[in-house]
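Structures given as structure tokens follow.
Look at the two complexes coming up: chain A is in both, with chain B in one and chain C in the other.
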Partner chain A sequence: MTSVPLVSVFSADDSTKVTAKHIPLPAVFQTPIRPDIVSFVHTNIAKNRRQAHAVNPQAGMQHSAESWGTGRAVARIPRVSGSGTHRSGQAAFGNQCRKGRMSLPIKVWRRWHRRVNIKQKRHAAASAVAATGIVPLVLARGHRISQVPQIPLVVEDKIESYEKTTDALNFLKRFGAFEDVQKVVSTKVVRAGISKQRGKKYRVRKGPLVVYFNENAKLLKAFRNVPGVEVVNVTRLNLLQLAPGGQLGRFVIWTQSAFAHLDKLFGTYRYASVLKDGYQLLRPLLTNPDLARIINSNQVQEKVQPAKTTTVLHEVQKKNPLRNTKAMDRLNPYARKQRAAAIAAIKANTKGTKKIKKNKALKKASRAAFNKVSAALNDATNAAVQEEQDIKVKYFSVQKGAAQAE
Partner chain B sequence: MSQKKQQMQVEQKVPENVAKKTVRDTKLREAVAKRRTERLAANKTRRSQWEKNGQAYEAEYKATEKSLVDNIRKAKSEGGFYVPAEAKLILVVRIRGINTLNPQVRQTLRLLKLRQLHNAAFVRVNKATIEMIRKVEPYVTYGYPSRTVIKNLVYKRGYAKVNGQRIPITNNNVVEQQLGKFGIHCVEDLIHEITTVGPHFKEANRFLWAFKLRGPRGGFIAKRRSFINQGDWGNREDLINDLVKRMI
Partner chain C sequence: MQIDEVVWQVINRGHCSFKIKTISQNFCRNEYNVTGLCSKQSCPLANSQYATIKEEKGLCYLYVKTAERAQKPKELWERILLSKNYEQALNQIDEQLKYWSNFMIHKNKQRLTKLRQMLIRIRKMRLKGFKELIPIKKKAERRDKIREQKALVAANLENAIEQELMDRLKNGVYNEIMNYNSKAFEKVVGQNQVEDEEEREQQELEEEEEDYSDEQLIFDPNDLEEDDEDDEIDEDNQEDDRRLFKKQTFNQLRRQDDQIKDLKKKKPRVQLQYEEEEELEDRKKQQIAF
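Coming up: the complex of A and B.
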């Protein structure tokens, strides 16, 4: 059995008293909040209240201006004909000219209004109604609802028969809605810009929206003069009022009968709407939006792979191990001992390496052998030199002998 | 009044979401703590292993050096000569830029990981690589790196290729992840594999990104000439170490 969200209906005279407990929330309040649809519909529907305007079609063109052509050392723009005044010879007609006509003058047949698909308009309205039931959205829109006993606020039909503004004010005070009205009053400012001279002197915020059902309700007149408060019949809910500025979450006060009418108006997820022909509420993408519960459920956790552990392969900065002892120790623990041994050896005034056992006998023998070889080489060279000298002496002596002989 | 308060406290129920989540969170937290303690214990054993390896390699290097010296002396004492084994490893440094390169030379340099000026890379010596280096000889200088130079290159300029990214070798996890299955668990293992050109030299060298060196302090002599001709390009055998020390 699924649980249905429930709402209490409050007594009009006493905000602590509840006349009807546990009324089910109409299905509209369960529709998905679609700010994309709402903003699209709002931007287009907001254009529908515009009045056509245009510039005078003759503006800037009421001259017999003609271009002087080339050869006169002036630009080729059309110039005002005639003489006897400053204006003659001045440039005219162009959008760049002083006193010229604007470029692309505005025409009354500009497309002022936009049509939006009915389905989109209906979905937007449903989303906007749903958003009025979500406290964070209403707060985010800027309404002062901290003292309001319940959102959505549903009150018995008695307020529909209010005729006096004092009754209306007292009612708002009783239900903590007066803070919102005070906000509207205190933030009323003179509008910046020319519009203040064109009938829009003040910029006024939006306060609560009161929604009623019975057509001959007198509360319209009672609430009319309360600043910021708007009154509307539930059959004529307006997106421009439910989401002013395209922003979801207006603070709405419903009468009981208006609240009950919403199911007929928008339909439920079991039945299509009665009054909106062929309209069915938008279905949400997720039937169970509780992601935390889904993720933590046994079914998901059984299939889930273990979380990846971040293993860093190397230190962020490479330090030179030849100079940095810690870096060297990380790579080669034996280096520490080597270094210690070297230092100890230096301190002990010996060579930096471990004493190599010298093979003295071998060294002596090799030395001796070397000497022998070098001696032999020496003898050989001496012998060769001597031999050469002998040959020379012999030759010269022979020559001498020959010369002498001759 | 206090009775009502007590009643309220008893009636206060925790939302189902919250209850489930707290149970799940405590379980996760316990798992994380357990993993952490395991990891710390494993790290301790790993570190002691690295230290042992480092010590073993030091002894190994000293032994090879000593044996070389002993062999030379022995040969001398017998009146002969000791010819040490030809170098198994060369360090190639690119000394020419990217402009106006013969396409074959360009491709070969790319194969040697030398895509940029002053890039250095280790290359194993065999017929294939010798031919490759011969092709690019006027554009590179190369020689036989010493142990210190190899060590300094890997520590100071060592970056790894991990998933196609150039990752600095700041801790041994980088090495372990990529080369653990080849028995190379720490940087000292990597250096040992490179210097001794071990069985997994290919993987170890592939793991290393090309060393990006700076221009040599003090400059080149003449890049247009070969080293033999009072220039810079080509084989300069052990003198590569002097150059690279100025470029690190």
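Coming up: the complex of A and C.
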């Protein structure tokens, strides 16, 4: 969703000169940026260039190895038959064995390619094109575009007739795109790993992508030898080039006719695409994705209720209604009457029964007896205590006397 | 404004070439970032309205970016020279970023302060000169040390000095007799006087039998030519006196050696006091008479 729907076309010879001012931006550049779609489509489409390969089906299996079975104090893995070499009796066949076959050996009939729904592929491409028009995304991807006069960079068709690489280079220098090429050159590195022995010696960055329209254009040969630069026709835009590595925001240089052709290719929000049969550009969920602005806007803030300052989650202390009559009454106002009725019922039940009169005389006698016994007990204990004390006194006095004598 | 949210989502969740992730924090390598941290507020990519301070050749500039120029990377950053006066510079920031978010204004002022402090420090260092830290190279140090020691040994300093001194002696630089080591003395002179040496050896043999009391062995550094005291010796016996004399000469020489050693050591002048001073003097008189 770019906010600048107008674009200038620059003269090929002079970056300060503008040949056509204020060309409207094709609607593709306003499709929603969908990194999720792009990464999904990219991971699958990237697999389509693979060539079938396989491991030799006989690898590791060219032995008549058999397991020795149990009882021989060795593991039960198949062992190479025969004698006369070190190899005999060694383990074979298993993926864990030395010189054994790998587990799940790769077959040629592995599903190398993935099909992706056409609509998804188109949406991804459209999203990727849109991302090329957003400066921060191109910067974040790592392109050096700080000296480029405009993004998206649209140049007059003259560059399509470039034949010499020097022309191409000078053109890039004029438009500040050479910095990106320099980055590619300076960061060319010998690849780590075995791939370097398999034809992928260098790891090279991606530079600018030049998009042209006319089939007779010679600029392919002019730009071919410039490191990092790729050239592609509009009609054959490739997601793998627009979003290398699944990363949105390639630095793209459009020719004027290519730029104009985009509307026909992808269509607009008013009409469907002409060339992609029945394809309609993806509509965004939100036309204005700036959530913060929406929330803080006057229209929303008017309707919003003031924020709650205090929220009571529960009472201070929970009272058990089964034990606390007031709590019970709060819950069940009829409980009071129920309680009263219950008490009345009990009282009514107990009306007929006689009271048991306690025998006063008996009481007196029993008390007297008790007193006697307790008194006796008391005397006995007192006597015992006294006795003990006397002994103590005697003993210690004796001791003292003895000490004094000494 | 519209794209900012989207851009931040894509950059933060996906890949940003300027982002540096560490265990605790994320940093931003973008040259225009005010804080240096990776966050939505301070991301120069995810904010279409942004400002930074940058320093060039001792001057601070305010770089401002607005949404109007978002599509033109070449003209994106407007560059405003800030006054050299700190207060004025702060006011300039306030002016230029009027009605901007507090975060942006505050961070820019902070950055200006930091840069200015850095510049002050640079100036100070240039004027004052600063201690340059040089690393100590262990291997080199170790190697040189060992080589120095070896060189010292190889130089044969003692021998060289000895040679030099001998030469000087022969040339007659030294007029007087100086105190020197008995061994060295013997070396130079001893070859001519072999007989004396033999006599001395005999004496030494004789004297070995005698006992030396503690007092005898006490060395009086002040006594150069005075004789020592021997309690055990019979004063009446002449033979004993002769022995005593010989012994005393021997002891004298030995004392001289010790003296030389002590002089070399530079001991303080010591005064020893003996109880039997009068006896000493009597003995002296007797010897002189003899």
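Heads up, the rule we're going with is that the second predicted complex is superposed on the first by the 291 of 406 C-alpha atoms of A that agree within 3 Å, B and C clash if a C-alpha of one lies under 4 Å from a C-alpha of the other, contacts with A are read in each partner's own complex, and residues count from 1 in each chain.
To be clear about the criterion, contacts are C-beta pairs under 8 Å (C-beta built on N, C-alpha and C of every residue); 3 or more make two chains touch, one makes a residue touch a chain.
In this text, all values refer to a predicted model and were calculated from it rather than measured experimentally.
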Applying the document's definition of touch, where does A:Ala365 land relative to chain B and chain C: first, second, both, or neither? first
Contact-wise, after the overlay, does A:Val226 reach chain B, chain C, both or neither (first, second, both, neither)? neither
On the A-aligned overlay, A:Val155 touches which partner chain: chain B = first, chain C = second, or both, or neither? neither
Which partner chains sit in contact with A:Leu331 here, chain B, chain C, both or neither? Use first/second/both/neither. first
With the two structures laid over each other on chain A, which partner does A:Leu313 touch: chain B (first), chain C (second), both, or neither? first
Check the residue A:Arg141 against both partner chains and state whether it touches chain B (first), chain C (second), both, or neither. second
Using the superposition on chain A described above, determine whether A:Arg293 touches chain B (first), chain C (second), both, or neither. both
In the overlay, answer first, second, both or neither for which of chain B and chain C A:Leu172 touches. neither
Pick out the shared contact residues on chain A: the ones touching chain B in one complex and chain C in the other. 292-293
Residues of chain A touching chain B in their complex? 292-293, 296, 298, 301, 307, 313-315, 318-322, 327-328, 330-335, 337-338, 353-354, 356, 359, 362-363, 365-366, 368-370, 373
Using the touch rule from the top, collect the residues of chain A that touch chain C in their complex. 1-4, 7, 32-33, 35, 131, 133-137, 139-142, 145-151, 176, 247-248, 288-293
Spell out the residues on chain B that touch chain A in their complex, using ranges where they run on. 16-17, 20-21, 24, 28, 47-48, 50-51, 53-55, 58, 62, 66, 70, 73-74, 76-79, 152, 155-156, 162, 167-174, 177, 186-188
Note which residues of chain C are touching chain A in the complex, please. 1-7, 9-11, 13-18, 45-46, 67, 70-76
